[in-house]
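Just so it is clear, A, B, C, D, E and F label the chains in written order, and each chain counts residues from 1 on its own.
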Amino acid sequence: MNAAFWTELPEAVNAIDRASMARVIVISSTGKHFSAGMDLAVFQNMGASYAGEPARRAEKSRRHILQLQNAFNALEDARIPVLAALQGGVIGGAVDMISACDMRYCTQDAFFCIKETEIGMTADVGTLQRLPKLIPEGLVRELAYTGRNMMSEEAKSCGLVNHVYADQKSLLAGVMKIAKTIAGHSPLAVAGCKEMINYTRDHSVNDSLNYMATWQSGMLQMPDVMEAMAATKEKRKPVFENLLPIDSL
Amino acid sequence: MNAAFWTELPEAVNAIDRASMARVIVISSTGKHFSAGMDLAVFQNMGASYAGEPARRAEKSRRHILQLQNAFNALEDARIPVLAALQGGVIGGAVDMISACDMRYCTQDAFFCIKETEIGMTADVGTLQRLPKLIPEGLVRELAYTGRNMMSEEAKSCGLVNHVYADQKSLLAGVMKIAKTIAGHSPLAVAGCKEMINYTRDHSVNDSLNYMATWQSGMLQMPDVMEAMAATKEKRKPVFENLLPIDSL
Amino acid sequence: MNAAFWTELPEAVNAIDRASMARVIVISSTGKHFSAGMDLAVFQNMGASYAGEPARRAEKSRRHILQLQNAFNALEDARIPVLAALQGGVIGGAVDMISACDMRYCTQDAFFCIKETEIGMTADVGTLQRLPKLIPEGLVRELAYTGRNMMSEEAKSCGLVNHVYADQKSLLAGVMKIAKTIAGHSPLAVAGCKEMINYTRDHSVNDSLNYMATWQSGMLQMPDVMEAMAATKEKRKPVFENLLPIDSL
Amino acid sequence: MNAAFWTELPEAVNAIDRASMARVIVISSTGKHFSAGMDLAVFQNMGASYAGEPARRAEKSRRHILQLQNAFNALEDARIPVLAALQGGVIGGAVDMISACDMRYCTQDAFFCIKETEIGMTADVGTLQRLPKLIPEGLVRELAYTGRNMMSEEAKSCGLVNHVYADQKSLLAGVMKIAKTIAGHSPLAVAGCKEMINYTRDHSVNDSLNYMATWQSGMLQMPDVMEAMAATKEKRKPVFENLLPIDSL
Amino acid sequence: MNAAFWTELPEAVNAIDRASMARVIVISSTGKHFSAGMDLAVFQNMGASYAGEPARRAEKSRRHILQLQNAFNALEDARIPVLAALQGGVIGGAVDMISACDMRYCTQDAFFCIKETEIGMTADVGTLQRLPKLIPEGLVRELAYTGRNMMSEEAKSCGLVNHVYADQKSLLAGVMKIAKTIAGHSPLAVAGCKEMINYTRDHSVNDSLNYMATWQSGMLQMPDVMEAMAATKEKRKPVFENLLPIDSL
Amino acid sequence: MNAAFWTELPEAVNAIDRASMARVIVISSTGKHFSAGMDLAVFQNMGASYAGEPARRAEKSRRHILQLQNAFNALEDARIPVLAALQGGVIGGAVDMISACDMRYCTQDAFFCIKETEIGMTADVGTLQRLPKLIPEGLVRELAYTGRNMMSEEAKSCGLVNHVYADQKSLLAGVMKIAKTIAGHSPLAVAGCKEMINYTRDHSVNDSLNYMATWQSGMLQMPDVMEAMAATKEKRKPVFENLLPIDSL
C-alpha cells in the first residue's frame, strides 16, 4: 500500500460504482501474500511531516488519518458488494481494508495479523472499528493486544471469512462463482440489502425497520419482481436492468 | 403467511401475553417445511394496490410495510420468551419471523433462505435488521446477496439456532423441555432478562446498566427470592405467581 | 464475593492502573471453582435494608445497584488489559465479572451459569448488558432464561473464552505467556487498542473512526515506533516506557 | 381527562388521519380552562389497582403508563399537523398533551402548570420528555421543580406558544386561518415536513440528512410541483390530491 | 477555582446529597464577581506537568481533564436540584460550572464570558458541551469564537438565566424563596423530575418515555400522593419524608 | 443557486479552509435580496432526469440529493467559522444554506421563507434537519407547514440571527468587526470550539465531554497560551500561527 494506493483505490471503486460498470467487485492479489499493509515509505513521509508546533501538527495529523480512513470507507459506501479473495499474509493495513469489504474468502495458507501493535502504534484506519462488529470481541482484543497471527481455520470458525479454499486457484474460482450469482440478481435488490446491512450495524432495530420501510416505499417497484416471476415460469435466467449511473453535480 | 396471518399472529401473541395465559410460547409448524414465507396472494394484492399518483402510493406503501413489520415486533415485545421449532424450509418471510423470536431450534433437514433477493426485491420485514445482530455479518451478506440455502449445521455453528435435533419429534420434545424449564422459573425474573437483552441490543453498555438498575429498583422484591430459597432448602420445586394481566385502558 | 470484595476489587484495579504498576492484569482464583458469585450474606444485608417507604427504598436500591455495577466497570475502565483465567464453576456474579474483562481463558472442567434466574431474580450487575455483545444472542437468551450450565467447549465455540486448557496449571502458564507478550508491547499502543475496542462497542463505525483519528492525533508519536524499528533491526526486544502515573487532582 | 379520554383521543386522531378525512387537526376546548389534566377518578382507579405482590404490580404499572403515553404519541405519529388552541388553565396532563402537538397558540389569560409535582408525583406521560425539547431547559426545570404557573407572555417569549391572542374568539379565528393555509398546501409536502422534524429531534444531523434523501427519493414526484407552478402562473389556488387512506392489514 | 476547589466542590455536593442533608443546593459567591474561573496557579501546575514523552503526556493530560470535568458532573448527578445565584463576572471555568447547575439566576450587573478562547485555548470542562443544550447555538458560537461578554439582559432573553434581580440581596432572597418552594415538595417527585430532564437531554423521546415508565413503576407509590391530597384538604402544608441516605458499599 | 453554484461553493470553502488562507469566512450577497434559493433551471433539469424505471430513478435521486446536501455540509465541516450576512429575502435553498453556517446576522428588511412547501415539495437540503436545532421547534413547524415569511425581528428574538442591523452597510461593517475579532484569536482554539459545538449537537453530554478531553490531549499545547499571556502582559495584540495546510493524500 504505497502512497498512490490510498487515492487510487477509492477512485477506482467510485468510478466503477458510479458508472454502473459492474454489479460486484472482487479484490484479489498476486504473489505469495495478499498484502503486507502500509508501505513503510508512506509511514516515513508521515514521520517527516512531524514538524512544527505540536498542537497544529496534531490537528493536521487528525485530518490526515481521516483521509486515509476514507480510502476504505469507499468500499463500504459503494452501491455494489465488494468481495475479498485472500491468500498468504493479510497484514496490518490489509486487515483494515478487508474489514471494510462485504465478504471475505481465503486460502488454507492465509493468515491475518494486526501488525501495528508490534511496531509500537495503535492501528488507525479501521481494524479496531470494524473487526469487533465482525468477530467475537474477546478474540479481537487478543489479536490486537498480542499482534499474533490468526490462521485460516480460526478465521473461518470465528466468522471473519466465509469459506476456506485449498489454494488460490480454487479460491478465485469459488469467489467468482459467488460474484456471478450476485451479479445475476436484481442490482437494486442487492444494493438495498447492502444499504440495510450497513445501516443496521450502526442503528437500533426500530430505527432500522423504519429506514427499511422508507427506503422500500420508493425502491420497490414491480418490474424486477415481474421479471423474476416470468423467468421462473419460463425456466430462463431473469434479465435485470443496471442501476442508473450517478453523474457529478 | 396469508393475509389473515399478519393480523392473527400478533393478536394471538398479544392475547396470550397480556392475559398471562402462558409463561413461554413455542412456535412450530406441521408438514415437510416450516414455512415458505409470504403467500403470493398477499404480494399480488400489494401489486394491485400499486395504483394512483406514485408519491402518495409510496407514502401508503411505507405505512403498509411498517404494519407488516409490526406483526413480528409482537414476538419481541411480548413479556414472555418465544421459541421457534423449525423443520425443513424456513424461507423468505419465515426468516424475518424467526429472527424476531428469542431462540431458534431445528431439525437436521432444516434450511434457511433469504428468498426475497431471488424474486427481485429487498427483504423488508425484519431479516436485514435482526439477522446481522444474531450471526456474523459477513455470512448475513452472503446469504442476502446470493439467496442461497443455509443448512442446519451451518445455522448451528454460526449461532442462528441453538441446537439441531435428528427429527421433528425429538425437536419438539427437546424444545418443550427447555420451555418447561423456563416456565418453572419466576416469570418476573425471566421477563426482566428478556427486557434487558432486548434493550442491550440497541443501547450502549452504560445506558443498559443504568436501565437495569432502574428496572430492578421496583421489580426486585423478596417474595420470589424467598420462595426459591425455601424450595431449595425443602428440596421441592418452587412455585411462583404469574405476572399480572394487563388490562386495556 | 463478600461485602469487602465490591470495594476492594475496584480499588485494587484502580491502584495498579493509575500508578502504572503493571501493563496487564490476570485475574485467577484458587480451589476447585473460580467463584460461586455473590456471597449470600451481601444478599441478605440487601434484604435487611428492604425497609421503609417502598418508593424511597426503590430509589436507594437503584443507587446501590449502580454502585455494585461500578465495581466491575473498573475492569473495563482500566488503561491496561484484564485477563481472566477460569477453572471449575463460574457462577452468578462471577459471570457478570468476567464479562467485563478483556479476554477469558478456562480449563476443560470449567462451566458458566447465570444462576440468578434460578434464585428468582434478574441478574443485575452486568451479565445481561455485556454477554450479548460477546456471544450469539440466541444463546445468551437460553442461558439466561433456563439458568443452565454452559461447558468449556461450548464457551470456546461461541467465543466467550479464547482457549480451553487441560488443567489449571497449563491454564496459568498459557495465560501468563499471553500476558507477557502484551506487556512487551508499547503500553500506549495497547491502551489505545483497548480504548478503541471499548468505544466501538457502543458507537457507530463513523463515530468510532473519527474518535480514532482524534485520539491518534496526540497519542501517536515517533519514539515508540522508532524503538520498535530499531529493535527489529538490532534483533533485540524493544524497551518501551511505562504510561505516566495519574495523580489525584 | 377521564378514563374514556385516554382511548377515545388516540382512536379519533388515528381515524381522521388514516382515512385522510382532514389535512390538519385543531384541538380546542370550551369553558374557562383548556383542561385541568387527569381526572382524579382515573388516578384513584390506579390507586385501587395498587394491590398484590409489589414487583408484579410494578411490572403492570410500567405497562399501564406506557399505554397512557401512547395516547399522546398518536398526536405525534399522525401524518397531519395537530394544532392546539389554548385558553385559561393548561394543567398537569394537559401540558403532557400539548407538548405532543405540532404547534401551540393561546389566549392572554392562559397559563401552564406542571401540577404533578405539587401532588407528590413526577409527571409521567410526556411533559418531562418533550418540554425540554421545546423550551429552554433551565426554565423547564424551574417549572417542574416548583410547579408554578407560567403565564401566556412567558410562554410566548420562551417559544412554547407561537402566538398569544386577546381572547378565545380571536384565538380560534387565528388558528383556523393558519390551519387553512396548511390545508391548502400539498398534503404530502406537509407530511414530509412533519416526519422530518419529528425525526431530526431524535437523530443527528447526518442521520437526518440521509433519511431526508431516502424519503424524498420516493416521495418527491412531479405532479404536486407541476400543479403548484401552474397555479402560480394561472393566478389561482393550487388543488392537491389527498394522501391515500391507510387500510388495516 | 484553586487546586483544592476541584476536589472539595464535588465532595461537598456528594456529601450533602448522599446523606440527604438537604433538598436543594444554592451556590452563591461573595464579592463583586461570582468567579473569575480557574486559578492561574492550577493552570501553571498543568503547564509544569507538560514534561516527558509527548504521547504519554497526552494520555495523562486526557485523564486529567476527565477528572476536572467530573468535578462539575457532580452537580448534575446529585439527586437534588442545584441553583446558581450569580453576580458580577461569571468567567471562564465559572461558565463551565454554572452550565452544569439546574437553574441560573443573576443580578443586573452580571456578565458571562467564555474567557478561554482569549487566552489561546478551547474551553474544556463543560461549557462547549452543555451551553449549546441551554441557549441558541448561533449565540453559543459567537460567545465562544469571540470571547465577548454577555450581559444579564441578554442572558435572560436567551434562556441562560431564569430571572434577573436588581442586586445581590434581592437575588439571594428570590433564589432562596424558589429553593424553599422546591424543598417543600416531595423530594422523590423532584428527584424524578431531575433524573428525567437529565436523561431526556441525551436520549430520544421514545427512549425517554420508556425510561420514565420504568422509573415510575417502582418510584410512584401512594404515600406522597396521599399526603399531598390530605394537606390540600386540611389546608396545611404537606410533610414529606426525606430521601434515604445512600451508604457506601 | 444555479447548477455551478452547488459545486463551486463547497470547492471554494474547501480550498480556503484546507490551505489555511483565512481564519474566518463571511458569506454575503449583493442586490435587494440575499438569495431566492434554487435556480428553477436546476430544478427543471432534475425534472428532466425523472426518466426510466421508477425504482432505479429513486435510487439515483437519493444519491443526487445527498450530493446537493454535501454542498452545505462543507460549511459545517470547515475548520474555520462561517458567518452569514443577510439582507432582504432569504428564501428556499438559502434557508438550507444559512442553517449550515456558524452564525447569522441580518438587516432590518430581511425575511426568511421555507418556500419549498408552497411549491409542492418538502425542503430537502438541510432546513428541516438543522433549523430545529437552532430555533424553537414549534416555530419551525409553523414556518415549514405554512411557508410564511419570518421578519428580521422575529428571527432575532427566536435566536436564528444574532443581531439585526439597520442596513446592509452597517451589517457588513458589524459582521466584519466580529470576523476580525475571531481572526485575532488562536485559530486552533477557535477550530476546537467549532469542532466541539458541532459534535455536541449530535451527541450526549457524556460522549461530548470525553471527546473534548481526547481532542484536548493533543491539541492543547503551551505556545498559544504563552503568547496570549505575554501579549496581555506587554499590552499588545497576540500573534498566533496559522493552522497547517492540509495536503491531499
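Rule of thumb we're sticking to: a contact is a pair of C-beta atoms (placed from the backbone, for glycine too) under 8 Å apart; a residue touches a chain by one contact, two chains touch by 3 or more.
These figures come from a predicted structure and were not determined experimentally.
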Equivalent interface positions on subunit C and subunit E, same or different at half: same
Angle of rotation relating subunit E to subunit F [CA atoms, steps of 5 degrees]: 120
Centre-of-Cα separation between subunit C and subunit A, whole angstrom: 30
Intercentroid distance (Cα basis), subunit D paired with subunit A, Å: 44
Where subunit D touches two or more other chains at once, by residue number: 54, 58-59, 62-63, 133, 135, 157-158, 188, 201, 203, 206, 214-215, 217-221, 224
Contact footprint of subunit E on subunit C as seen in their complex: 3, 6-7, 52-60, 62-64, 67-68, 71, 79, 188, 191, 218-221, 223-224, 241, 243-244, 246, 248-249
Touching residues on subunit E, where the partner in the complex is subunit B: 203, 207, 211, 214-215, 217-219
Residue numbers on subunit D that touch subunit E, as the complex places them: 43, 47, 50, 58-59, 61-63, 65-66, 69, 73, 76, 116-124, 126, 128-130, 132-133, 135-142, 144-148, 157-158, 201-203
Touch list for subunit F against partner subunit E, complex: 81, 102-104, 133-135, 157-162, 178, 181-182, 185-186, 188-190, 192-194, 196-197, 200-201, 204-206, 208-210, 212-222, 224-229, 238, 240
